[in-house]
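After the structure tokens below, expect a handful of questions from me.
Which chain is which? They are A, B, C, D and E, in the order written, and residues in each are numbered from 1.
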Amino acid sequence: MNGPATDGRSAAASPPAASPLRAALLTALMAVIAAVALILVGLALPAWLLFTMTKAGAYGLVALGIVHLMRGGLVSFGQGLVYCLGAYGAGLLASRGGVTDIFVLLAVGAVAGMVISGIVAPLIARYRGIFFAMLTMALSMVLYGVLAKLTVIGGSDGFNVPEPTYLGWAPDVAQSDYALYVVAVLLAVTAAGLSRLHFDSMAGLLAQAVRENELRVEYLGASVFWVTVRNFTIAGALGGIGGVLNGFALGHIDPFFSYWTTSGEFVFIAILAGHASVGAVFLAALATELVRSFANQYFPESWQLFLGAFLLLVMLFLPNGIGSLWSRLGRRRTLRAEGQE
Amino acid sequence: MNQVLTIVVDGLIYASWLFIVALGLTLIFGVLRILNLAHGGLYAVGAYAAAVFVPFFAGLGLPAEFSLLAMLLSAIAVAVIVAPLLERGLLRLFYGRDEVVILLVTYAVFLMLEDITKLIWGVQPYYVFEPRTLFGNVEIGSLFYVGYDLLLIVLAMICGLGVWLWLNRTRIGKIVVAVIHNPEVSAGMGVNVARIYMLAFGIGIFLAALGGAFTSPLIAVQPGVSVSIIVVSFAVVIIGGLGSIPGAAIGAVIVGLARSFAVYELPEAEIFIIYMVMVLVLVFRPEGLFQRVQARKI
Amino acid sequence: ADDTFKVGIVTFLSGQAAQSFGVPAWNGGKMLVEKLNAGEVPAPYDKKGFGGLTIEPVVIDEAGGASTQVQEFRNLAQRENVDAVVGYVSSGDCLAIAPVAEELKQFTILYDCGTPRVFEDGEYEYVFRTAAHATQDNVGLARYLKKKGKEVNTFSGINQDYAWGHDSWNDFKAAMGQIYPDAEVVAELYPAFGAGQYGTEISALMQKPADVVHSSLWGGDLQAMTLQALPRGLYQRSQVVYSAGDHVMPPLGGNMPEGVIVGARGAYGFMAPETELNKWWFDNYKQTYDVFPVQAPYRMAQALLGLKAAVEKAMEANGGKKPTDEELAAALKGLSWESPGGKIEMVLGNGHQAIQPIGFGTTMKNADGEVILGDVIRFDARCVNPPPGTKSVDWINAGFPGAECSD
Amino acid sequence: MLKVSGLHVRIGSVEALRGLSLEVMRGEMVGLSGRNGAGKTTAMRAVMGMVRAASGGISLDGVDLTKVPVHHRAALGIGYMPEDRGLIPDLTVEENILLPTWVTSELDGEARLKAVYAAMPELRQMADRRALLLSGGQQKLVALGRALAAGTRLLLLDEPFEGVAPALAQRLSDVISGLKSSNTAILISQSELTHSEVFLDRNFVIERGANMKVAVEG
Amino acid sequence: MSEADEQAPPVPAAAGTVLEAHGLQKRFGAVVAASDIHVTVPTGARLSLIGANGAGKTTFVNMVTGYLKPDAGRITLAGRDITALGPRQITRLGVCRSFQIPQLCEPMTPLENLLVAVGAGRSDHGGAAPRGLGAFFGAARSGAALAAAHAMLARFELQDYADQPVNELPGGVRKLIDIAMALARRPRVLLLDEPTSGVSTEEKFPLMDRVMAALAGTDGEEVAVLFVEHDMDIVTRYADRVLAFYAGEIIADDAPDEVLSDPAVQKYVTGTARGNGNGTPERDGGGGGDA
């Protein structure tokens, strides 16, 4: 098997083997461009949209976690669990412990999400399909029930968290929304870039193989169990970060973070986005928020009708999600390029 | 002793309520592989329909006994009107897509139903009193129970047995089984698969609506009644094993008894006892209590 | 525009709270806004609109949780540039909104939510609550029982399993501890919010009968619980008290059991004082919607009237310009005004939290066979609310120091 | 009687059939052979209506089959044995065989069952066993029986010998050639001809979705 | 007909036994799928498993590869007991298999399937799998793994199909990919479950030739191959030993010619003894199937 790399024919049939480093640099470059563009755009955005985009960033991160799971063939209907735990962990540290540095808090959220996922994952990694979805949902509902009972931390009403600081800098009110927005952009872009690289990596390919045929993967000597655990833990970290981000954007954290409808929203965003593109989750999150918000304002008594119809239409006409819009374009382009060869 | 008796009776009444709805859910999943989140919405529509039919029958001057018939008719009406619309008009477009996508489609339907019922019936509550007065009170232990509530247990048993016999002892049931396993080959053998899907979906919807209709005398029919049932009946179906009728029955009884035990002994834990049971069951029986046999793959 | 005053109104238009709170409140608000704009409200509110400015409401559904509500609040404040926000039934939403309103310097009136935590735990400049918090419901209830000479040796509670239910029950237990120190708790039940089925809870309450059964259930839950408990004889075995249950009377009609003690979180409806203003309000509401106003529209009305008073006071001070958020806040702070439910006084929370009189009654049939509230007793605001600077729980547990009751 | 002309079928991005034409006469046994992926299964599925024809015609005694829904084929007397057997594991062997007759009023269950048992007596012995418990080869036998139950005019057998041990293949081949006396037309697809050479009247060879040649067998 | 020696010279017994099954038993309800199966597989053996349908061939393969646990009996790999291990562990020890129905990662391409095969292993097998951060963030289509995947495709002359989704590929090609994936793991024991069933007559021999050639190219002479087969021409051509299964038992175990001339084998398996029996094995408890 250590023969010569490839003969001419196979090289023509598949994209040229880019060096891993070049791919990484390319992705990083795109990420930097996206980040700079978004940060600059942010300066011109009205405050409400800035906030909505920050929220979309947070939701998108959680949904990106679900995309990680989806690529491994699973969907979690209980990402509220990690989202909520991340938010509570960081929120309590901020409101009780006085730690307000956003980066510390985000790290706490990520670790909280990762740890709980790591603990739970071995328990649930052998489940598949609807059972996995429902079991995660049950776990998040247990957390919801427990938090709603803990009156010392606000019970079902939750608690407020202080404004975050940024490496010692405490922005005034006018700047704070923008500062958090920048953090959200940086997180989103970093997460998206790393996810892209991961999806294209051997581990990512293996996860995809797990989705398509677990039996085969086991018969290749790889562990479906560990792939699942790994994906779930990654999703946990992303969920925890999303929880912290949104919790501090809102300034308020409550057990509703762990309610099944919250988790359902994340799944919705992930499905709307599809798993073709890592950037799509953020767009899907933003689109959902905007549709909901405008529907609520113009049709306060029937916004659910609009939101439902919107979701149906997207699922019907973009079966592979919003992300397929541009990845389809991309594929067409490569096909054309190949045709010219 | 007395306490145990009440726990059991209360648990069974609650279980019956859950079972009727969960039965429809598990049937739809079993045949169409759809976990129908809109089920709760249809439960609500069933309750609203009863709120229309029962007074209408009363208005005709029919005796109160006919209100039971009215409730049955309202469930049938919902199934006949809504099931084809939903199954043929919408869900069909998503067949072959991922389970989760269809789950979300039904969630979107659920959202829409919330507003549609509001547009049709407004937000004011409706009541359906007549049926509950029919059977008087029954003394069990030292407590009075309303006869109608006990009737729910009978109704649940009729529904469960009926659907089970239908699937397992009739020819059409066997045809349904064939469609479950292999829709394409069944069609090749002459089975009108679309009709079987609609039939199963229709019966599932009928059961949801029936649950709603027979619950309407116990509640104020108004926005929000759909939410209470969804998650719990999901839990029941998962505990029992998706697609299994005996499973749904046992799941409902377990959940009913656990909840009623919690009310007496652990009121603080009532809110999550159902999820705890679900987690426990799944840890020991990953596919639920009654798992279906899988055709071998290799 | 300079001649309109844009008010964001946030209340439940879908979900469980729509029927009992959100929609009646908005109905009341809609009617009142129309009348105010037309200048048809009796004095001292007869000036058109708010000080001549036409009121332009923007309504938002409160469903979706605090996270959604913060976003919608920002949209109201930053995208719609409303002049004031009046809203929020859910305590969780109030707690989440208050700091955001403060940060955005958006003048905001919380019109309904019950938790005392907003102003006991926080301090705000731009946030006000024009309704009393829920402590008075349960203190008043215990006082009512005493005043009616009820003998209470045992009592039970059935309350929803979330903050509202727990807070209400804890307040009631504490107040009973003061007023009936020897009474014992028999059963404490916490059905889930929206449970729909209460058979088991009712059995539990019946098996260990108590003299008094307390419930802070509301809306569909309370109606279902009532319907299910009625034929099983709970109302014969125990004196049932609904701390905030007046709003289920119109829908339940003849199915509302007699002899239940009912509160409304204020002196509303049957318990409202007989003033010109109340008569006007009650009659107009009834005429428009064919049902008498329950607590939610009353609270919306007192919020809007308070806002009107504040706007007009601020305009008097600034020479008739449309007031800024700061001017509004300064005007409303410590203000008091007449409302259909009696006098509202912003005395707690450093002038940001209202107190108001509260009434209780017992259900009974009137001559026409309709179920109404009789035996009405109203308590002064200072009889059932802590004095400024004291937390409600501490105040109850200390034996209501400084309470001013009329007899 | 079965007439396929210029049939084109696309599956996803693949053009599985490109202009396939063939004809089967009453009572005739016709083979359909070709390499893997040539389009044999697709041709059968197209006749069954399980894949949509992009263009071209399929007719049975003049009835345009492209317009007939899949489930009406049993009533037209078409019996189909899919490549992967497609038995219903939870039903017994007899129920599997009877399935087409339950849903098609044109088929008399008892008479068909009798005919099937007459052709394949060994099916009677396993009548009460659930299909789940049969081995792959036994399942082939049952699938053939089920196709027979509906196929009074035309039988479509997709690779009846695939994965079947030689002894059983022999038996299957005997059963099929025993049908020759009846009026039923039979179309058999196969990637190897070893078992069927003996009884085929004609054999169509297809390659990449189109006809190559028609070989007339002895 | 040439002897199998052409492809793989018989390995002298002294070369040692790589796989051994002792007294394997397996029942499914009333069905006995394996009763007291004994098999010894020498290093480098070319072993064919034949038998009636439902005789227990796949069950045997499933037990050896850990998919099924025998009710009784023991399986050893180079002396080590692997009876209790699962498919993954057994694969890691160098026992790889292909499937009666190809098990591929469906909408992925052959190249991706093989990349997975190459990358799935720990570095002790397969060699080309990237490690550390590279496995997580380095492009999978690069470096040694890509080269190895392409080499494997080339070995089976599958380069033309490299980038087509496998679900759009013809059955024979899918069989090849399935086998290539098993080979990419560099097995010591290779089990092929009906590699040629459903493959057209003219392609059967080329397919087997490629498999054998792929083994011959490496240190593959050492690899023991067991293949389940219904086509006796393939059996006689490629096997140096044949095991005939019937009703869960091995009724013959010898050189191909010997086995194929055994009357029992002719009666139950190859059907060359015509006229008696109907080919469907009568098994114990055949009547009561319902569980």
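Here is the rule we use: contacts are C-beta pairs under 8 Å (C-beta built on N, C-alpha and C of every residue); 3 or more make two chains touch, one makes a residue touch a chain.
Because the structure is a prediction, the values reported are computed rather than measured.
Participant: Out of curiosity, which chains are bumping into both subunit B and subunit C?
Facilitator: Expected: A.
Participant: Comparing B-D against A-E, which pair counts more contacting C-beta pairs?
Facilitator: A-E
Participant: If you average the CA atoms of subunit A and of subunit C, how far apart do the two points sit, in angstrom?
Facilitator: Centre separation, subunit A to subunit C: 40 Å.
Participant: Where the CA atoms of subunit B average out and where those of subunit E average out, how many Å apart are those spots?
Facilitator: 48
Participant: What whole-number Å value describes the gap between the mean CA coordinates of subunit D and subunit E?
Facilitator: For subunit D versus subunit E, the centre distance works out to 30 Å.
Participant: CA centre of subunit C versus CA centre of subunit E: separation in Å?
Facilitator: Roughly 76 Å, centre to centre.
Participant: Two or more other chains in contact with one residue: find those residues in subunit C.
Facilitator: 14, 161
Participant: If a residue has to touch 2 or more other chains to count, which residues of subunit B qualify?
Facilitator: In subunit B, the residues touching two or more other chains are 114-115, 118, 268, 271, 297-298.
Participant: For subunit D, which residues are shared contacts with two or more other chains?
Facilitator: 132
Participant: Mind listing the subunit D positions that touch subunit E in their complex?
Facilitator: So the residues of subunit D touching subunit E come out as 11-14, 33-38, 83, 92, 122, 125-126, 128-130, 132-138, 140-141, 159, 162-171, 191-194.
Participant: In the complex of these two chains, what residues of subunit B are touching subunit A?
Facilitator: Checking each residue of subunit B against subunit A gives 35, 90, 93-94, 97, 99-101, 103-105, 107-112, 114-116, 118-119, 231, 234-235, 238, 242, 268, 271-272, 275-276, 278-279, 282-283, 286-288, 297-298.
Participant: Please name which positions on subunit B make contact with subunit D in the complex.
Facilitator: Residues in contact with subunit D: 171, 174-175, 177-178, 181-182, 184-193, 293, 295.
Participant: Which stretch or stretches of subunit A touch subunit B in the complex?
Facilitator: Touch residues, subunit A against subunit B: 75, 123, 126-127, 129-131, 133-135, 138-139, 141-142, 144-146, 148-149, 215, 260, 264, 267-268, 271, 301-305, 307-309, 311-312, 315-316, 319.
Participant: Tell me, which parts of subunit B touch subunit C in their complex?
Facilitator: Residues of subunit B touching subunit C: 2-3, 6-7, 9-11, 13-14, 17, 114-115, 118, 123-125, 127, 129, 132-133, 137, 142-146, 149, 215, 217-220, 222-225, 227-229, 259-260, 263-264, 267-268, 270-271.
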